[in-house]
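These are the structures in question, set out in turn.
In the two assemblies presented below, chain A is common to both, partnered first by chain B and then by chain C.
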Partner chain A sequence: MFKKNYRHDNLTAYSMLAPILVGLTIFVLIPFAYAIYLSFTDWGFYQAPVFVGFKNYWVNLTDPLFTKAIWTGLKFTLYVLPAQLVLAFLFANVLKGLKGKFSGFVKSSIYIPTVISGIVASVIFVFIYDYLGGLANYIAGLFGSEPIAWLAEVKYALPAIAIPAIWLGFGITTLIMLAGLLDISESYYEAADLEGAGTFTKMWYITLPLMKNISLFLLVTGFTAQLSQFELSWVMTGGGPVNETQTPNLYILLHFLNDVMIGRSIAAALMFFVVLGSISLVIFKILNSEKAVEG
Partner chain B sequence: MGKSTLTFGKAGVTVLSLLITALAIFPLLWMAIAGFKSQEEVLATPFKFLPNVWHFENYTVILRDPAFQKAMGITFIGAIIFMALSVVVNASAAYVFARLDFRFKKFWWVYVMLTYFIPGFSITITSFIVVNKLGMLNTMGVLILPGAASAGSMFFFRQFYLNVPLALEEAALIDGANRFKIFTNIFLPMSLPPFVIIGIGAYLGYWNAFVWPVMTITNEDMFQIMQYIYNFRSGRVAEMHLLMASSFLAALPTIALFLIFQKYIVANLKMSGLK
Partner chain C sequence: MQAKGKFWAALISILMVLSLALTACGGSKNEASSSPSASDEGSSSASASPSESASAAPAEKVTVEFWQTAFEDSTNKWFKKYVDEFNKSQDKVEIKYTLVPGDAWAQKLKAAQAAGKAPEVYTMNYGGIANAAKLGQISPLNGLLPDSAFDDIYDNVKDFIKVGDKYYAYPKLVEPSAVLYYRKDLFQAAGLDPEKPPTTWAELLDDAKKLTAKGVFGFSTAQVAGDLGWSSWGLQFGTSGHQAVTNYWSKADINNDAYKSVFKFYQDAYQSGVMPKQQLAPYPDIKPFGEGKVAMQVNGSWAIGQLRNTYAKMVPNTGIAKMPSMNGDPNSPTATLGGWTLVVDSKGKHQQEAASFINYLLAGDPAIMIDFFKTSGFSKFSPRKSVDEAMKSDADASKDAWRAYIAEKIIPTSVAEPIYPWDISMAVSTGIESAMKGTKVDDAIAKAEKTINDFITNNKLAGTNPKQ
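Presenting the complex of A and B:
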């Protein structure tokens, strides 16, 4: 189209593209290339980089804390993601039946936590988990439990941090699910009604298969988001007790802040990026192949 | 209407919805109310939801704290500039990729989209080294410039521009308008829906940012609002009631922004490229 303006377009095109090209080059591509380079060196702020091959990668791989951090991240994701997706799916189905002002009120209210920062959420939940005056122990007390140090005990700390993560993401997940539900044509359900199908039959054979794309989207984005989570544990527990809540990104950050040599934390960041990328890819492939069979 | 929803009966649905809504809002509400309690009462046992005496002065103490005012003000200004910049930079690039033909277009498209797959955290450390070498630490530039150009936002605008009818542009071209004019006079005015989404996303991202400001801003006069909260939390442990009040105040602008623009946000969830 408009081939006659081609030469003139070059100038316009490049002047309008310049900001994004310069920005991405300086702040994304150069740091990325630099990260790859530095990950193969021993480097501190006060000395020149020395090439060390795969040493940094090896140091991380053999550090039990690094593998533990990956496991912690996976465990955390396992606490948050299924709960969030199932709750959001069920509640989106409830919301679908609501009409009018009340529905609008509910939709806006459940979305509000989504705009809250991880820092503010941490502040609230530290308060909720307080040993003596907190809400969590008050509720536990109603069931006859002695006060629990939620954020300081190995078996409770990670689940305790998962709760605010579920809270933060519940609203947006529900609304995306709802958008998907509203796209499903009513005629499917009407046909099923004529056949005498029950609520759960319809959900299993109509709703779930038609929600596959949205679920996939939420699964992959949620997976990477939860596995990358570190603000909550940084502020609420600092990674403790005994590194129990040290997620991969927190591991990387703490090493960067505390170590003299930086190559190692950069290598960890790149390794984590590869792990994250390949897991998303695998999830994507699995769900895609099932979809292909279904045809 | 076909009964496609879970059947709880009308009353059941209403009660359940209210319950979930309450659960979603309760933590914030509790924080807001804790902001009205006295220092002793905020974590007192036995647990009580409402304060015995409402201490309105907690909120005024925070609002009058110069450090809080400074942090709110500077974060607000930064967020507005960041929002405007990311909209302009990404929208203009999107227009070029959607509508113009130019030399090496394929190459630059791949170049830009490649960055989409580089997760922010894997380059946080080296970005810090880069901005340090550029002498940008403790400047507004370090907070505003690095995130402004974004392949994801650009892509979102482009999808929108691809759907604008060609006829609109052809008429203007015949009238002798140049491409830049067409962009500013035709495309920008009709871009409100993507503006709102990308703009609010940028605003929220800036306002809620924590790690990047902590790494790059050490001058207390330039502390961003989440940095202020974080420092407050670690520095003044006993003043939980003031921490609650200030955290709630810090969250208010984002909640207000959402409530004002919620129609656009919810409507856009439907067109966010899920199908």
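Presenting the complex of A and C:
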């Protein structure tokens, strides 16, 4: 059973794994374990941590703002993700049809938002949403509307912040969709053409099913990214009006910055980690990803 | 053959581990030497390991890290100028100066504290001192500074920096958080007397309605929770005579008519259409007034400096007045007396050296402080008797009418900032904001009261007021 060079094999395997294991231990495992420990304590940098059991978790759970922040995050994701996926899918189909230099130009221009940081985008959109002299209210004014308090009105603030989020993620989503579209073999479409299938039928029975893996990937990464979004609302509204745009990560950040004891914000971060993890799990389960029949 | 291959694989992976470890070390070294605005001497001694600098020749200067939160340009320049002067004036201490933008302050300081690399001297406002002292973040300055330095401070300001029987900070200035700035020319155009600014809330809202015209809003004050949290303290105290929690911090004290009327005032101001629906600038910024977009703006006394330095054209048309109170009583507080101090971090290794810098800058030659008050357009006020004394003989200072008005009419009626945790102020101000956005005052009050009481329970706050 035991081969002669069993030990040698293990040695090589472990030594090859060592760099990543050491790195993971130092930068992920130890901090993670330490964070879990700290979440059960009251700790304020200048004193030794005091064990308080589940208090921090309990305080978060009973804080209406914490639950509200989770809902706000879900609502925000609901504004951003479907719009982004649908727009990107349609645009990727347009891109697929484009030929030559022009297609290259369009591809690079839609990628631009992806390399712009969220903070820069927030600042740009703060100017757009400016109450007096902002672009958004200028356009509204052309239609005879009074200036709108985009970032101060409870009903407008969250959608107003969703728009830069859609814009930021649009380019990369489109390009990934395009890669998926180009991966679908032309022969399917040719066969469908012979059968006399229309555009819609081809889309429904060929394109969409074969894009399942791509969609799953975009759905899971998009869900996590949008639910973790915080810099847009941090810069644009600070979480207001009346906590309406306080996303989970912003809730955690504000508590970290403001609280004297930081155990509670660590506990909140861990709880949010569980929420994110279970949502991703549910998406995987529902879509039940399998390998595509043919790439 | 196979064994040889494995040997190489093992060797390569060991090398990779080593390089990883090395880059990690390299990273921390870079961090130490790459911080900006360090002089050559400063950065070389900072990147040296502690043991090296300890064994170095005694002639070498001790480097003390100093962080300043960003204020107006004139103040930032003043800090920079006198840090340089101090470094030149002696050969024992080298101050390494870092200017930190206000919105990055909390994050940067927290990160530094977590890493055990907090600056040894930094700016702190009065409201933070008691709690920082209680938590042992800052060192008492008795003994580090000469007693005479503390004797020079006005008695009411002494109270701001004292916890128990020790002084934990040295004050730089005091400034009232609320002053009403109004446009005399627009008052005239609207048929109002420019020498009679409003004194009650009713008058204020009435005048604001008359002043609102196309392109000009009648009135502007804080309108988001973060700004309202501190800028409304004066009105809260002036109207109710107490703070938002009981003295022993055992429960909320806002479910009463006085607090309701404060909420109502903000609600009326916002909903009557005399204020912009979305704030044009953060509360501490006088820009909307300076650019002529509002006829009356509430702002701190610091805005005088901004008006004089940036919007000089607006100054001749500007009048200043005390922020109106509910019923017009001139003695009723409508502002808090905020301000900034320097503190010494309790984990700092060079506390005496750090204190010597504070002693030079804030407690030393009155001329240094006079230079500060002058460059800030006399928008701030001295906590030290000797500085005020010296200023009397200064021609510019003694002639300044705004300075005199604020010093005589506003500062004496202003109250100290509350020292309870910021969450409590935020609960109140979130309530005010929601009332402005349409929630009924009673509901907003009830919700804020519950939030505060929950906070007190969860954080076992009752009985922890360091000043009681």
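Definition applied: the second predicted complex is superposed on the first by the 264 of 295 C-alpha atoms of A that agree within 3 Å, B and C clash if a C-alpha of one lies under 4 Å from a C-alpha of the other, contacts with A are read in each partner's own complex, and residues count from 1 in each chain.
Everything that follows uses one rule, which is that a residue touches a chain if its C-beta (ideal position, glycine included) is under 8 Å from a C-beta of that chain, and two chains touch if they have at least 3 such contacts.
Keep in mind it's a predicted model, so treat the numbers as computed, not measured.
Within the superposed three-chain model, A:108 lies in touch with chain B and out of touch with chain C [touch as defined at top].
Legend: residue contacts after superposition of the two complexes on their common chain; A:132 is shown touching both chain B and chain C. Touch criterion met: A:63 reaches chain C, while chain B stays clear of it. When the two complexes are overlaid on their common chain A, residue A:19 makes contact with chain B and with chain C alike.
By the touch criterion stated above, A:204 is placed in contact with neither chain B nor chain C.
Taking chain A as the reference, the larger set of touched residues comes from B, when chain B and chain C are compared. Applying the stated contact rule after C-alpha superposition, one finds that A:242 touches chain C and leaves chain B untouched.
Of the two partner chains, both chain B and chain C are touched by A:256.
Residue overlap on chain A between the chain B contacts of one complex and the chain C contacts of the other covers 5, 8-9, 12, 16, 19, 22-23, 26, 132, 256, 262.
On the chain C side of its complex with chain A, the touching residues are 2-3, 6, 9-10, 13-14, 16-17, 20, 24, 106-107, 110, 113-114, 131, 135-137, 223-226, 276-280, 293, 346-347, 421-423, 430, 433-434, 437-439, 454, 458. Looking at the complex, you find that chain A touches chain C at residues 5, 8-9, 11-12, 15-16, 18-19, 22-23, 26, 44-47, 55, 59, 62-63, 129, 131-132, 147-154, 237-238, 240-243, 256-260, 262.
Chain contact summary for the complex, chain A toward chain B: residues 1-3, 5-6, 8-10, 12-14, 16-17, 19-24, 26-32, 34-35, 38, 90-91, 93-98, 102, 105-113, 115-121, 123-128, 130, 132-135, 138, 164, 167, 170-172, 175-176, 179-180, 182-184, 186-187, 189-190, 192-193, 199, 202-203, 207, 213-214, 217, 224, 228, 231, 235, 249, 252-253, 256, 262, 265-266, 269-270, 272-273, 276-277. Of all residues in chain B, only 1-8, 13-14, 16-18, 20-21, 24-25, 27-28, 30-31, 34, 42-47, 88-90, 92-93, 95-96, 100-103, 105, 108, 111-112, 114-115, 117-119, 121-127, 129-130, 134, 145-149, 151, 154, 166, 173, 178-180, 183, 204, 207-208, 210-211, 226, 229-230, 233, 240, 243-244, 247-248, 250-251, 254-255, 257-259, 262, 265-266, 269-270, 272, 274-275 touch chain A in the complex they form.
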